[in-house]
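Multiple structures follow.
One chain, subunit A, appears in both complexes that follow, with subunit B as partner in the first and subunit C in the second.
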Partner chain A sequence: MAMSLRQQNLHEHQPLGGRIFTLPLVVCILLVLAAVYVLAQRYAFGIGYVANINDGYPWGIWVAVDVVIGSAFGCAGYVMAALCYILNKGEYHPLVRPAVLASLFGYGLAGIAVLTDLGRYWHFYHLMMPWYAQPNSVMLEVGLCVATYTIVLTVEFAPALLERFGLEDLRAKVNKLLWLFIALGVLLPTMHQSSLGTMMVIVGHKLSPLWQTQLLPVFFLMSAILMGFAIVIWEAVLAALSFKRPQETPVLKKLAYLMAVTALAFVALRFVDLAVRGQLGVAFGGPKASWFWLETLAMLGGGLILLPPRNRGRTRSLFIAASLLLVAGILYRLNVYLIGYTPAIGPWSYFPSVKEILVTVGIFALEVGLYLIFVKTLPVLHAVHSPAHATLSASSAKHG
Partner chain B sequence: MAKAPSKGTVSRRGFLRGALQGSAGAAAAACATVVATPDANALQRAPKAMSPDALGLLYDSTLCIGCKACVTACKDVNHMPPEVGPEAQAWNGAPGNPTWDTPVELSAKTLNIIKAYSHGTGETKDSPENGFAFIKRQCLHCADPSCVSVCPVTAMTKDEKTGIVSHNPDACIGCRYCVLSCPFGVPKYDYNDAFGEIKKCQLCQHRLAENQLPGCADVCPTGATLFGRTEDLKAEAKRRTALKVGEVTHYPRGDIGGTVGGARAGHEKTVAAAYQSHIYGETELGGTQCLAVSGVPFDKLNLPTNVPDTGYPTLSEGIQHTLYAGMVGPAVAFAGLAYLARRNAKDHPEE
Partner chain C sequence: MPDGQVVNDAEHIGDLESYENALAGLNRRDFLAYCTGVAATLGLEPGFGVSIANAAVAAPRPTVIWLSGQACTGCTETLLRTNHPTLETLILDTISLDYNETLMTGSGHQAENWKQQAMKANWGKYLMVTDGSVPTGAGGNYCRVAGKTYIEAVKDCAAGAAAVISIGSCSSWGGWVSTGVNPTGAKGLNEIITDKPVVTIPGCPPNPYNFLSLVLHFVTFGKLPALDDKMRPKFAYGRLIHENCERRPHFDAGRFAMEFGDYGHRQGYCLYKLGCKGPETYHNCPSIGFNDVGQGTWPVGTGHPCFGCSEKGVGFTKSIHELATLKSVAPPNTYPAVATEKGQGMTPGAAAVVAGIAGAAIGAGAVIAGRLGKQDANAERDAPTDSDAK
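Presenting the complex of A and B:
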């Protein structure tokens, strides 16, 4: 690549600096404190004291939202590492570090969320002990994979930390072996994000035929990729707006094309799958069909907005489309894990309690708060005044 | 694509082309995957056979008089606390809560329960029309149990010989995947305990070890709950479902083999209501060791009836065993990714 020399200069990252205790951070801290208070009650008096989950709905939003959706939010690092290092698209480089950071928090906090939900959390380490392992369990695969991936993300982010504290020798050593971790960082999410779908195959008839299919792993992998892309766009647009930096639109443009293709493929595959299983009729007037349409229309809308090349160059349409696709991914995962699910022998009902929601909100607030602190104090976002922007815009215009 | 000088037309063409390419590609891929695996699903592992020594219960709804002696006995022998149902009322002017056990559903405190079906005037026993019927609910001890397949830490296990599905709280992490996955809604967790456990019927293994009957079968006065080898119980169930109304027949009690808990006298009874021809648990989800026969259809007794003849683990484990067979797939993928990442590393000197 002729560009590699010049790229060296492009990849300078620098801390944003500025005031740490801004209003958004204070709000985040308050929300985290509320969650801590609820969790203290949960550990003292049992899950039922704060949450509405029950024997009909043993998994509530702490699983469906905090873990299943939260980890998809953490797929930004996965998709950007795959694009940048595996498919060797160097132009995405400025987006990688912020994406890896977002992933580190997404996954780390999904791990914490698991501990809030586990009924016998003091046995948590049994998951890692080979003599307890039950290899047929899809959850074992997910658990081990996610735990390993959190370590991989830490290593992937390590250069930023080492750079900040001037540990150049160590950084050089980590860099030499980084390719190993990058390969793992692409392999592991492919495995566990698809397995999150496989996990619901075994509930069989309890999941509506609108969602129950052996293609669940395929749809979960596709939704993870889409949500990862959408988060990258969201993060880039919001960071540019709130930190008053130039928009990254030229780089995002190419990403947007990939998103449009993935989203439309997702919708097409959903209909083919329904047709092959003979369940297309359920989508028209069957139970829970409106949730199916909400999810499908959001996916279709996001994909269609990004198809015309003009829209891909506009920050506004990029942002709207990314939001729609994010909503579609959230709805899809919520439908599979909660809304499309009917307990075997009822009647049971579930709607999250206020305290349950406070924990979920607190976990996401912790994620946002940590992100704010990290980008201000560590070299995460790429430097604005480097020649990066000029060159990038030029090269993107050529390719785009 | 970026060359779009004269607005509208070209971008619309690009739009359509993109849409077509995407959809066609996805549709082709989907068809290849799904059509290649129709009825005899290539992504399905073989069903598990039942052990010839499998033990279970046969519940005959037509014999059950709804006395709930089995519910009480189950609590006694398993040291389970009484449970007060939400609709229970104070008894005999007792202040506060009622004093006796009134569970309404299986729970972490109730491993066995008798539920009732009623219709219309509720006059005739075992009649779907204007009648009533009982159903006993407890773990069915599946031949291919979902709860065992999903448990990540081997807390839920199935005995190789007796086929009894039991749970070890010392291994359990409390993820409740067993609660979620059970097609019959059996395992339960105690949400109101800071150190809650998963609870389910374990066919009174502790009593079987002492040659005693499971609590429910021990106390059943009519033989509605009969203990024995699943093979023997299945034969008995087939004999009963073939009986005609008005026939007089012998109904055994306790252990159908007459050994566990000692031999007991059965009783003669005239068949009053026609049996459903289906034996619940014979085929459901790969078969269960506990079976049921009844005078009213099983869907009216609130049991899942529209289920496949193979257990759901055949589907989920089929996918996993295909993708992760010997970890060859992931290993090859890792090798490929590592090669690319290493080759490309020189283009990314900074990270």
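Presenting the complex of A and C:
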């Protein structure tokens, strides 16, 4: 096993190949087309024509889901780069490239989602103009940081493209500078993921005491790390399953342990925070307490499943735990941005319209579709030469 | 001053010099201002202020004999609170208050003799005013003054009165002493004096200016103002409190205080649902207020529902928080909400889409978990010693 790990550590990636237009991709394309149709309406007739966002809820799911949750999905590259290059855990290397790819899509599409949500989108470039900047704005920090990080991710992913098109000289040059971008790639998400939490500190009493805390930036950073881990495991398990590749269980095992610790620490810190703020009672019968428990139980469940070492070696437990933690992270961010939020002068109500949901679904479908195309045509997943694969293919040949 | 009043003033303005020093402490200007104020209270043209002024200084001043039955003296007390005119102006200069048990200095035989003399001297011309109900139980013995029951006293006095006025709810229709088991058999004066019209000024206490306006109307014109079927002056009791209430727009918009101190109560919403009897009580409280301190100085203005003190069958009869019987517009069964719901909530379509996505995710997750479970089982069977090796 140790041997195979070392072999996997070699910088070998290769395209999967195979048929591009599979059924999942066609479904994704159809969903994207539906979103494009709605977005055409949005730009022709205005946001109010397609979305239910209003003066009480100026941020709907296009911000809460597409940007806040979408960018957390994009934290796979962040945690893997931190583990692999900052903490120098080389054994995680096979997981880095697919993670960076997922991040690139997560962040790139979050940026596009912001454009759909901007009322005066033709002014979007004002963000980059220092003379328009309000340097104390946490929103400016998030906007600039996300934009920069998208560029950084593109550079981080560039070696895969350059490899594919045989531009070895350029690749060598990029590799020399890559350390800088990797460092930035770890710094930037730490900044803006916590700032996403700070953004809701500002809304004050409009956010339920179950979620409103000065620790929001800490919780957002932790949930970003957690969702980043979960996405890596999810993606690795699903890719292995659907592309019939060997599972990367030995690497995932260690990741799973880190994930379980993070999840349980998150829950513990949540309760400590509630107790210190004297708001524990709100969790028992207070408004929206059920959403708090849904989120906390999913988090606790995901963490506890992975505590027994045996479970960490089983792909099913890994998948279920990663799914639960993803759900917990999604719920936490949704709770902070939409569900736990009550506009001051109301009563206002908001629920996304079907068209709004179609755009969100379309953006996620675009991510999945692009991922499917990229892993088949570009060297993203590591090459499979391991003895494990050899035995697996041997056994399948035997069965065949 | 409106143009039309100039001619009216010009006709009467000739003898104004005679007012000089006619009223103690008042100069001519103040006095005319006061008379004009009285005219306004009566709903008369400002020019009638001069007529009132002429009547008020004419000698001899009309004699008033004031009798008190089963009363709390609140009606006399309320009269003490007036300041345009002040009480002393009224009783010393405008009228001649010859008998009032609370205010007169004399007592015993002296007081009784003075009453008899005043009645005899002004027989057929004096004003009779009473506050308090008439006890009829136990042969009228619950109230006896100078050897006569109150029933006999009012009958004797009414015989020579030019006009009989009941002030306060007790005297007008029995008031609080007549409610419930009524052990003294308390009745309003109009049930005892049946051969003469008894003008009533109900209220607990009534607004003193309604009484003053009535008296000055009588002094000025020698006749009573227009009265309604309950013998109340129409200028004061012609309209429901509800009609002139400053909270009426809230009633019409369906904005109600539901309990004391709630949001609506603090916002000054309609008090109907707290039991306000304004919709069935005829009075001018919202228009003239109390104590001369400006707008809003009346019970509803301060946030307490009207309890209908002046209306027979309402005040002291219905409980304070019982809903009023609406005489005019009845509120609908449902109202628009105090705060309108804004924004688009959940639609069935959106809910279905979200439920579909959640269902698909759970379903796909279950299928994947199942397949992974099989894969795990295969892997463990193929490599049974894997965990041992570690």
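Definition applied: the second predicted complex is superposed on the first by the 376 of 400 C-alpha atoms of A that agree within 3 Å, B and C clash if a C-alpha of one lies under 4 Å from a C-alpha of the other, contacts with A are read in each partner's own complex, and residues count from 1 in each chain.
As a working rule, a contact is a pair of C-beta atoms (placed from the backbone, for glycine too) under 8 Å apart; a residue touches a chain by one contact, two chains touch by 3 or more.
Computed from a predicted structure; not experimentally measured.
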item: Side-by-side fit of subunit B and subunit C on subunit A, or clash; value: clash
item: Which superposed partner A:Ser323 touches (first subunit B, second subunit C, both, neither); value: second
item: Partner chain(s) touched by A:Gly56 [first = subunit B, second = subunit C, both, neither]; value: both
item: Partner chain(s) touched by A:Leu118 [first = subunit B, second = subunit C, both, neither]; value: first
item: Subunit B versus subunit C as contact partner of A:Trp179, first or second or both or neither; value: first
item: First, second, both or neither for A:Leu23, with subunit B first and subunit C second; value: neither
item: More subunit A residues in contact [subunit B versus subunit C]; value: B
item: Which of subunit B and subunit C A:Val201 touches, first, second, both or neither; value: first
item: Touching partner for A:Leu127 - first (subunit B), second (subunit C), both, neither; value: first
item: Residues of subunit A at both interfaces, subunit B in one complex, subunit C in the other; value: 1, 54-56, 310
item: Residue ranges of subunit C touching subunit A (in the complex, touch as defined); value: 339, 341-347, 349-351, 353-354, 357, 365, 368-369, 371-373, 375-376, 379, 382, 387, 389
item: Residue numbers on subunit B that touch subunit A, as the complex places them; value: 1-2, 4, 11-12, 14-15, 18-19, 21-23, 25-27, 29-31, 33-35, 37, 41, 43, 105-108, 137, 146, 149-154, 169-177, 179-185, 188-198, 285, 302-304, 306-308, 312-313, 315-320, 323-324, 330, 333-334, 337-338, 340-342, 344-351
item: Residue ranges of subunit A in contact with subunit C within the complex; value: 1, 52, 54-57, 237-238, 241, 247, 310, 313-316, 319-320, 323, 346-354, 357-358, 361, 391, 395
item: Contact set on subunit A toward subunit B in their complex; value: 1, 4, 7-8, 11, 43-49, 51, 53-56, 58-59, 84-86, 88, 90, 93, 96-97, 117-121, 123-124, 126-127, 129, 132-134, 136-141, 143, 159, 175, 178-180, 182-184, 186-187, 190-191, 194-195, 198-199, 201-206, 214-215, 217-218, 257, 260-261, 264-269, 272-273, 276-277, 303-304, 307-310, 343-345, 397, 400
